[in-house]
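Before I ask anything, here is the structure I am working with.
Chain IDs A, B, C and D follow the sequence of writing; residue 1 opens each chain.
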Amino acid sequence: MSEIGNDGVISYELKEFKLFEPLFKWARKKSLWIVAFCTGCGGIEIPPLATARYDFERFGIMPNPSPRMGDLFLITGYVTPKTLKRIIITYEMMQDPKYILAHGSCPINGGVYWDSYNVVKQLDRYIPVDVAIAGCMPRPEAVMDGIMEMMRRIEDGTADGWKRYRENYEYYRRNQDELFGEGWREKEARRWLAWI
Amino acid sequence: MADLEVPNELRREAKEHDMYLHPIDRDTYELFFGPQHMATENFSIILKMDGNRIEKAIVNPGFLHRGFEKLAEGRPYFTNIALLLRICVPESDVPENIYSMAVDEIVGWEVPERAIWIRTTVLEMARVSAWMFWIMGFGNEIGLYTPGQWAAAYRERFMRLYEELTGGRVYHIYTVPGGVRRDIPGDRWLRQLRDTVEYVKGKMKDFDEILFDNYITFERTEGVGVMDKRFALKHAVTGPNLRATGVPYDVRKDDPYYLYDQLDFEVPVLKEGDSLARVLIRRYELEQDLYILEQLLDMGPPSGPYMVQDARLKALPRFKPPKGDAYAHVESTKGDFGAYVVSDGSHKPYRVHVRGPSQSHGVTVLEELLKGARLADVPVILKTLDNCPPDIDR
Amino acid sequence: MDMNEKNVEEKVEESRPELPDTREGRLVKALIEKAPYAEGSVRRERRVEFRVSVERIHEFLELASETFEMLMQISVVDWIKEGEFELVYQLWSVSESVHAFVRTRIPRENAKLPTVMDVWPVAETYEREAHEFFGIIFEGNPRLGPFILEEREYKKHPLRKDFNMLGHVKAIYGEDFDRYDESKTNYVI
Amino acid sequence: MIDWKLILEVIGILLYATFMGFIFMGIERKAMARIQRRVGPPLYQPIIDTLKLLGKKESISHGFIYDFGPVFALGASIAALLFIPIANFQLFSSNADLIVVAYLLEVPMLGIMLGAMSSGNPFSAVGVQRGLLTMVAMQLPYGLALIALIQHWGTFKLSEIVALQGAQGWSVTVPALLIAMIVFDIVFQAMLGLEPFDIITAPAEISMGPMVEYGGKHAAILFTQHAVQIFAETAFFAVLFLGGASNLLELLIKQIAVLFIAIFVASIYPRFTIDQAAKFFWKWPTILGIIAVLLTV
């Protein structure tokens, strides 16, 4: 993260412990921590999910206030450009492996806000989405199903959004710059994260 | 279009007002509170801190702006219901109702009695479930997770009833101009509602013991974020926040809509105007709302149609109300929620303007109250004001 | 609910409408006597209406603030055919339980208005919003500028009627909406 | 000459303590969930969490101190653990090991503070500020409770305190020490970082405070440290006031009893603000502590 804003390339340690990888995969599946960032109206369905009726803590899922420790980013609903900036920065602050679950119709194609001037139409162009749930608003069961799908994908290794983001960083970066204008990171993100 | 530029002198003034353009002094620092934060939910406050005290707070909303008012101008009257209810997520029935009331007034429809009863019941259910949500939010902000978890589970009971009545959990798309979209499923639903109300009423004691009568809750909220009556009126603070300063203004009493002039309920008023008063007011109101629901159930739904009988409703997408405008408002848990609808006689509204209660207490009032507060008070003030960011952004 | 509403057009024709002898009527009469430049009428129970020219709007609102304690909203309506913005100050009187619409019209081009922040501090938010979405300048409000919107949308003042929303969306997010009817010609809402 | 038995015992106790510490964290989460009428995660959930954090790829560091802080904290926790007589094992011993343990248990906080300070995040800075103030605030009642205990038993040696309790009954049965235990229990809440004294992490205020910048392997070390710390603290409590233990099972039962008190208190009280907490510590627990000390004179 310390490299952000200099040349736009994020450096990664690529050391992988091949021996322990199956164990880690299992652990990743069983302990998904959600970044506490409700990005839209879908945030209203997170408290029911966390409480008695649905209780996702059974599966080791719990909200975590710090993006550094988070694994799962729930994009709960439509994304406005103003939020997308924060989403991108938060996503880049999270440490690999990290997963994105897009929640509702709006991140897929705009949903009811398909003609709104302030709603991002295709979230997939700006950050990699691993699993998307359709519906407005998706029922908690649907969200649970999405999380289960995410767990399955983590297990068989197809939840590779973080790898795609790293490999196709140019593409994502270009789309982001097209939307926000060049140099938005230096202008704005530096102010939010002055200590980095 | 004529591009209207802001004059330069205005712009410079605006810049000086925004403190984040100034270099940070050494003994003070700035804190970006939200939107990635547990307390603020889609809302950002830029705090200029001096140690543990807040010197200045700048509210930075807009993370949820979808341009509803513009979108509503491009959609027919009845389609707008499915759009506008998204303004207030925790109680989505409120925007439905204000919009429907305003259109009813423009058209001149007398909504049938049965529909009125259903609308009142739905609104009160929305209020109770919003209070449950608020208990969860407030508990989480001050670090007491237990009652919140219970409350969110009780809210699920109302969600189940909503599902049976309307088909939706969060967004109901139920109240439409001229009535409601469908009838009550049957007497079983009414019985279930009564059971739920009884159940939640029985749980009030638990909430009292653990949250409202807790020594540390008092410590945390007493004397925090005090406003006086004059300040609240000048800042158009409404709802429980205004009643906590000693003004007995409740839309249900002062501008009665639906069945509220036939119902017997009290408007709790406290004088202190601090966070504790706001917390307690909300607790009393929850009790009152449960009482209102009981009265409504005792009254029972009147028989008759649930939708107004009008030939124009045959061709809904091309439904055209006459020219005119109307302002309707209801009492939501956050305050006075109003909508101003202008019709130019076409099949789309000419202008829909929604007044969210957080618009008044979520920006200037919040900035004023945060001045001089401690960092630990920020979530308390935010939650006792019951700030709802989508109201501000729309 | 009392629904005896009147159309806007009708009221313009009535030069001096008869004020009924109700609480609302007396309220309007008292205010009109103090401010003879304003037109006042009663719309229905608990709804009164005033029309004031833009030059004296601040003066009138200051006067009205004695009875109407709260400024609930400033609604702007863009009457593009007439080339005017209509500003509706929604006032509420806590003591009298009456809602008042105070209407004023300003030309669309170079719309300027005095701020009412000194009367109701909350007007700051409403004015910022009205400025942002319509480009109306409230003289004396120090915080006009991007508030809810980002810079790019702010410059276009999106709630104006001549803002081409679909064109703007197409320019930024691409052409493909996936919202056509069966003939693939028209957008479906 | 290498004492192989001691080394084996150290490794065994460490493994046991870490594992049981994780289970204690699991119990904490599970019990909270049951109070909140949920099913809750499995008891071994913290182990999975730590494994997952270990498996993360880290791309950040804020310098040597940032990396050193968690290790320092873990080391201090382990050192404290080794001085406590755990059942029939007391690995290290000195004449004043009560004082040593009492202060070694506070050092980990300093380690976390050290690392957090170098991360530069303002939330961390506020958290550190709060953490240090909490430490200062809780020293007084903490010290008073320990003084009462030492005065009553007349020794600084933990093993002797255990032996004396075995002979004359648990400390709790002595009225003065019962008061001291109440004081210690209040302080204990702050040492575990639970409500009403979870001011340091306060998720809704400063989003995890010192831990906000830690992720991946750093966080895994901090988790392990927390596990060892919980084990050591509950064992310390059991040794001081509940008569120690002659075998691991007895100790475990006493530890879980102590833990449950902490969980129940935590689930019914909200969080203090930092100034209220300091005021609170210097008021009731201090008064009670002074009474306890005076009674034991």
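Here, contacts are C-beta pairs under 8 Å (C-beta built on N, C-alpha and C of every residue); 3 or more make two chains touch, one makes a residue touch a chain.
Just so it is clear, the model here is predicted, and its values are computed rather than measured.
Here the chain-to-chain distance from subunit C to subunit D, counted in touching steps, is 2. By count of C-beta pairs in contact, A-B exceeds the other of the chain pairs B-D and A-B. Chain centres here are Cα means. That of subunit B falls 43 Å from that of subunit D.
Centre-to-centre separation between subunit A and subunit B, using Cα means, comes to 29 Å.
Here the CA centre of subunit B is 22 Å from the CA centre of subunit C. Averaged C-alpha coordinates put the centre of subunit A at 40 Å from the centre of subunit C. Residue positions of subunit D with contacts to 2 or more other chains are 36-38, 122, 203-204, 207. With touch defined as above, residues shared between interfaces to two or more other chains in subunit A number as follows: 36, 51-52, 65, 82, 115-118. Counting only residues that touch two or more partner chains, subunit B has 37-38, 62, 65, 67, 70, 74, 149-150, 153.
Screening every pair of chains for touch gives A-B, A-C, A-D, B-C, B-D. Residue ranges of subunit B in contact with subunit A, taken from their complex: 20, 24, 32, 35-38, 41-42, 62-67, 70-71, 74, 82-83, 86, 89-90, 133, 136, 148-150, 152-153, 155-156, 159, 169-171, 390. Those residues of subunit D lying in contact with subunit B across their complex are 32, 35-38, 122-123, 125-126, 129, 195-196, 198-199, 202-207, 267-276.
Every residue of subunit C that touches subunit A in the complex is listed here, in rising order: 149-150, 152-153, 158, 163, 165-166, 168-169, 172-174, 177-179, 187, 189. Against subunit B, in their complex, subunit C makes its touches with residues 1, 3, 5-9, 46-47, 69-73, 75-78, 88, 90, 92, 94, 97, 99, 101, 108-111, 120-122, 124-126, 129, 131, 133, 135, 137, 142-145, 147-150, 155-163, 165, 189.
Within the complex, the subunit A residues that touch subunit B are 35-41, 43-45, 47-48, 50-53, 63, 65, 67, 78, 80, 82-83, 86, 90, 112-113, 115-119, 136-137, 139, 191-192, 194.
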